[in-house]
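Here's the structure, in structure tokens; my notes come after.
Chain IDs A, B, C and D follow the sequence of writing; residue 1 opens each chain.
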Amino acid sequence: MSRWEQIKQDFPIFNSSKNSDLTYLDSAATSQKPKCVIDAVREFYENYNSNVHRGIYGISETATDMYEKSRENVSSFIGSSHANQLVFLRNTTEALNLLSYTMGRNLVSGDEILISIMEHHSNIVPWQFLEEKGIKVNYTDITADGKLDMEDFRRKLSPRTRIVSLTHVSNLLGTINPLVDIGRMVHDNDSIFIVDGAQSTPHMKVNVQDLDCDFFAFSGHKMLGPSGIGVLYGKEDMLESMHPFLGGGEMIRTVTTSGSTWNDVPLKFEAGTPNIEGAIGLSAAVDYLRGIGMENVRNHEKDLIEYTLKMEEEYAIPDMVSYGPKNTDIRGGVYSFNIGEIPPMDMDEKFRENGVMIGSSVHPHDISTSLDAGNVAVRSGHHCAMPLNHRLGVVATSRASYYVYNTREDIEKLFDQLEKIRKVYDLGR
Amino acid sequence: MSRWEQIKQDFPIFNSSKNSDLTYLDSAATSQKPKCVIDAVREFYENYNSNVHRGIYGISETATDMYEKSRENVSSFIGSSHANQLVFLRNTTEALNLLSYTMGRNLVSGDEILISIMEHHSNIVPWQFLEEKGIKVNYTDITADGKLDMEDFRRKLSPRTRIVSLTHVSNLLGTINPLVDIGRMVHDNDSIFIVDGAQSTPHMKVNVQDLDCDFFAFSGHKMLGPSGIGVLYGKEDMLESMHPFLGGGEMIRTVTTSGSTWNDVPLKFEAGTPNIEGAIGLSAAVDYLRGIGMENVRNHEKDLIEYTLKMEEEYAIPDMVSYGPKNTDIRGGVYSFNIGEIPPMDMDEKFRENGVMIGSSVHPHDISTSLDAGNVAVRSGHHCAMPLNHRLGVVATSRASYYVYNTREDIEKLFDQLEKIRKVYDLGR
Amino acid sequence: MILEDEERMEFIMDHYRHPHNFGTMENPTEEITEYNPVCGDAVKVSILIKDNMVQDIRFVGRGCSISQAAASILTDEVKGKSMEELRNMTEKEHLDRIGIRLGPSREKCAILSFNALRKMLDNYGGE
Amino acid sequence: MILEDEERMEFIMDHYRHPHNFGTMENPTEEITEYNPVCGDAVKVSILIKDNMVQDIRFVGRGCSISQAAASILTDEVKGKSMEELRNMTEKEHLDRIGIRLGPSREKCAILSFNALRKMLDNYGGE
């Protein structure tokens, strides 16, 4: 057994009697959980379950300790200099909304926020919420090969740009963005630099100090951890100067009827009972990933995407198109593709003329469903990136995305099936 | 074995080798988890783990189905007429903040919000956030025996009162508030009626239609479910007319660079990947509670609090005081107490005069720590209700709170230990 | 969606490859375009009603096999029916007619044409 | 907090029942009140410094056994020490002197008096 086949054995779902022979190619949506993570959650429930922070009895002190050690562990995993820069939240989405609500308080009409057209909805909609205050959201375009258009970026980075928020890795194209260079430009422009790390943290070594970003957001469920737990990293002085987001228990120092004062960071941003077992499970996931080594994870996925592009050429399925950079040095393990044209809704002239515009295309929905019949799980749809789909001239794509439990055989299986599906659906019109 | 002793066997923590003979009296902070809940979470990880809503392959459709069935199950548990009135969030705190942020948009300077002095910080601080907009937060007082002062309430319910937000059961006093009557007054006043159900839902039959509240919030972790999952119930028309709270994946219908449109309720309020296993675990907890019967849960806890008040009289520990109504018809299974005077910080004259003001009191911290030495877990502190502590003339209390796994023996153990502690700490000054 | 039933799947693919009642109409009584911007599925349905009966029904569309086959199957079913019969048709009956088990995501594809029909009936006031 | 060490606990309770250096001072060099509004623990510490040495130190306070005993223990330790020795004292040494294992919540009680001392040193500019 190869190393990666052995790793796959650590994931109970692949031995589940409920799913015979699952080929899971949807890790960009959410990852599977290794046994050590599942056990960490169970062991907490069975031995130490109690609320954190306020208890003065044994198990509650142990629970608090486990929760705070998890924070330290995750903090060092992303290269943060101190654990109090790490806020536990539900997910990337909540982290970016926290920023939009709190930083948004300081923005005024005419201020600008610069994002990109390849962002996930989580890094678009929260900023659009601020438009009603007269704040403008600008979108950096992409190049033909799926990279950030740096010229366009420079053009759009203006003196009014107060915030730049970019994804580290695109969840549709797989593009790894050159954030170290970008960060320098952003700070030279005196703008705040926010990174959506949802697709990088699980798949490569991340160091927030090297990135020199002000904020960095990611989700536990995409990196072998539980769902319901996510992280916002923020530079300490930033977090300290910000208004709190949610009010309630634990985030306060004092509450009186004439006003309240706030706890120290990061607790200031953790109102109410947190997802305790979520944090503990995420910490177990981080230990597991560290055991493999993030460089190895990255190299493995790079191998898989290289192999994918090679298979694409070899199979040469008619009308098959794929998206994202071909240079695998800047490409994560994400493979989005279509068979034939899947135009967006407003390109409907042809539809009006002569009816069914399916030609030789296979709708992504049909691809997913047909692959599922062969136990291959890929995602089809807009992948929460409608503006990017629109930019690519499609309404949807199918996407295979990889992680530590995937192997080259999975990719062969994918292309074998796609070839068959193409034949079944070929309408020859 | 009695029925309740049998029930205790369903909770692995009481057989954990890590905690010998734990007497857990802190369920108002968080509850223990029965085996069926722990198993539900694990089984999801091992067989169906995948993201919800957007997948078109087998396990993702199963996961979506399990998630939505959990919503239906929890919905019917609280008597909601339709599952789409149930939003899954992290906890009660997030639910109340969601309301403060979204409803707060419609309030103007001079508008009033009426809460009470017995609220948890979660139902205070989010409303205080709105004070900077010129909105006034009013606090209904309590009576000497720990009930809502209804005369004061009527006085403070004004034509400018736009929102009334009250706890169903006090987490410190145990008071069960007469919300059906109050709700009628609130609606007659054309105010919106919000109920903090964090301490009622776990312990008694709740029916949101009988309460006729507009919103109802509670947390999974206090009702045998996982942490990181909570619920906001809202009347459908209310939820539909509200602005979204967090923006991102799944809560949208369409996203373009010129604006976005929202998904139907409740998904409109569930941005990003939710706590999937949390919802599934909560649903298992609801099944378990239904199996016991919520009337039985309530009666059991009523018996325990009655027994507690009886023990209090029998033991007659010198200087011991307890808080909350003595009428157990309106009293949940919560017992807050002090030994001697534990005055709040601004009552410090005596401290200045002649030093250590400990007299015959035992600080709540010392009570918790000493009880812990005998494996009895109670909470000591302000219980996230500082204004109420202040109102009671104390800075902190110790609190024993009960649930289905507690028995009369636990209470005997508590008082045995308290009697001993009182002797050790008696300073006789 | 379960594809174990090959025969039924062949039936769907047949409707997809060779849709019935495909095309547009000159003077329809009602005409409506239903679409799902999320996946790009779209159907335009035209209906001709006379004497309280569906004289003719046609559709054009684009999208996945389920959305297009469902439209084809539905238009077959509807032709010649009375307004009353149409009003009594349920979503469940429509899904049963398709006859393969669809997951929640694919059901949305299948009911697109059914929703179009429903809306046309709502718009249609009678003669 | 682990109470298994009964002897040590007796030591704490002794300091709590009969605190050393208890009281106020007429003309202290520095005086400070530290308190934790969350649990009501409070200590007022007064210090008299001469020739760069702690001539006298006293405290009054209220709160739990740990916060008060810790103040008593600390004042014992500090008396007669030089400014430099004081500046080199660490929080860890202070906690070790108390000598029972405290959980994170109770540590806050224990370091209240230590924090008071730290702040007085910061305020004290020298003679």
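Details
Quick note on the criterion: contacts are C-beta pairs under 8 Å (C-beta built on N, C-alpha and C of every residue); 3 or more make two chains touch, one makes a residue touch a chain.
Nothing here was measured: the structure is a model prediction, and the numbers come from that model.
As a whole-number value, the distance joining the C-alpha centres of subunit A and subunit C reads 38 Å.
Averaged C-alpha coordinates give centres for subunit C and subunit D that are 81 Å from one another. Subunit A and subunit B, compared by their mean Cα positions, are separated by 32 Å.
Residue positions of subunit C touching 2 or more other chains, listed in rising order: 1, 37-38, 105-106.
Residues of subunit B found to touch two or more other chains are 54-56, 254, 365, 369, 372, 381. Arrangement of the chains shown, judged by which pairs touch: an irregular graph that fits none of the line, ring, star or complete shapes. Pairs of chains that satisfy the touch definition comprise A-B, A-C, A-D, B-C, B-D. Against subunit A, in their complex, subunit B makes its touches with residues 12-13, 16, 18-19, 22, 24, 26, 29-30, 32-33, 37-38, 41-42, 45-51, 54-60, 90-94, 96-97, 100-101, 117, 120-122, 124-126, 128-129, 131, 137, 139, 219, 221, 226-230, 245-252, 254-257, 259-260, 271-278, 365, 368-369, 371-372, 375-381, 384, 386-387, 390.
Of all residues in subunit B, only 53-56, 61, 64-65, 68, 253-254 touch subunit C in the complex they form. Those residues of subunit C that touch subunit B in the shared complex are 1, 37-38, 103-106.
Within the complex, the subunit B residues that touch subunit D are 342-345, 348, 351-352, 354-358, 363-366, 369-370, 372-373, 381-382, 395-396, 424-425, 427.
Of all residues in subunit D, only 1, 3-4, 13, 17, 19, 22-24, 35, 37-42, 44, 60-66, 68, 105-106, 109 touch subunit B in the complex they form.
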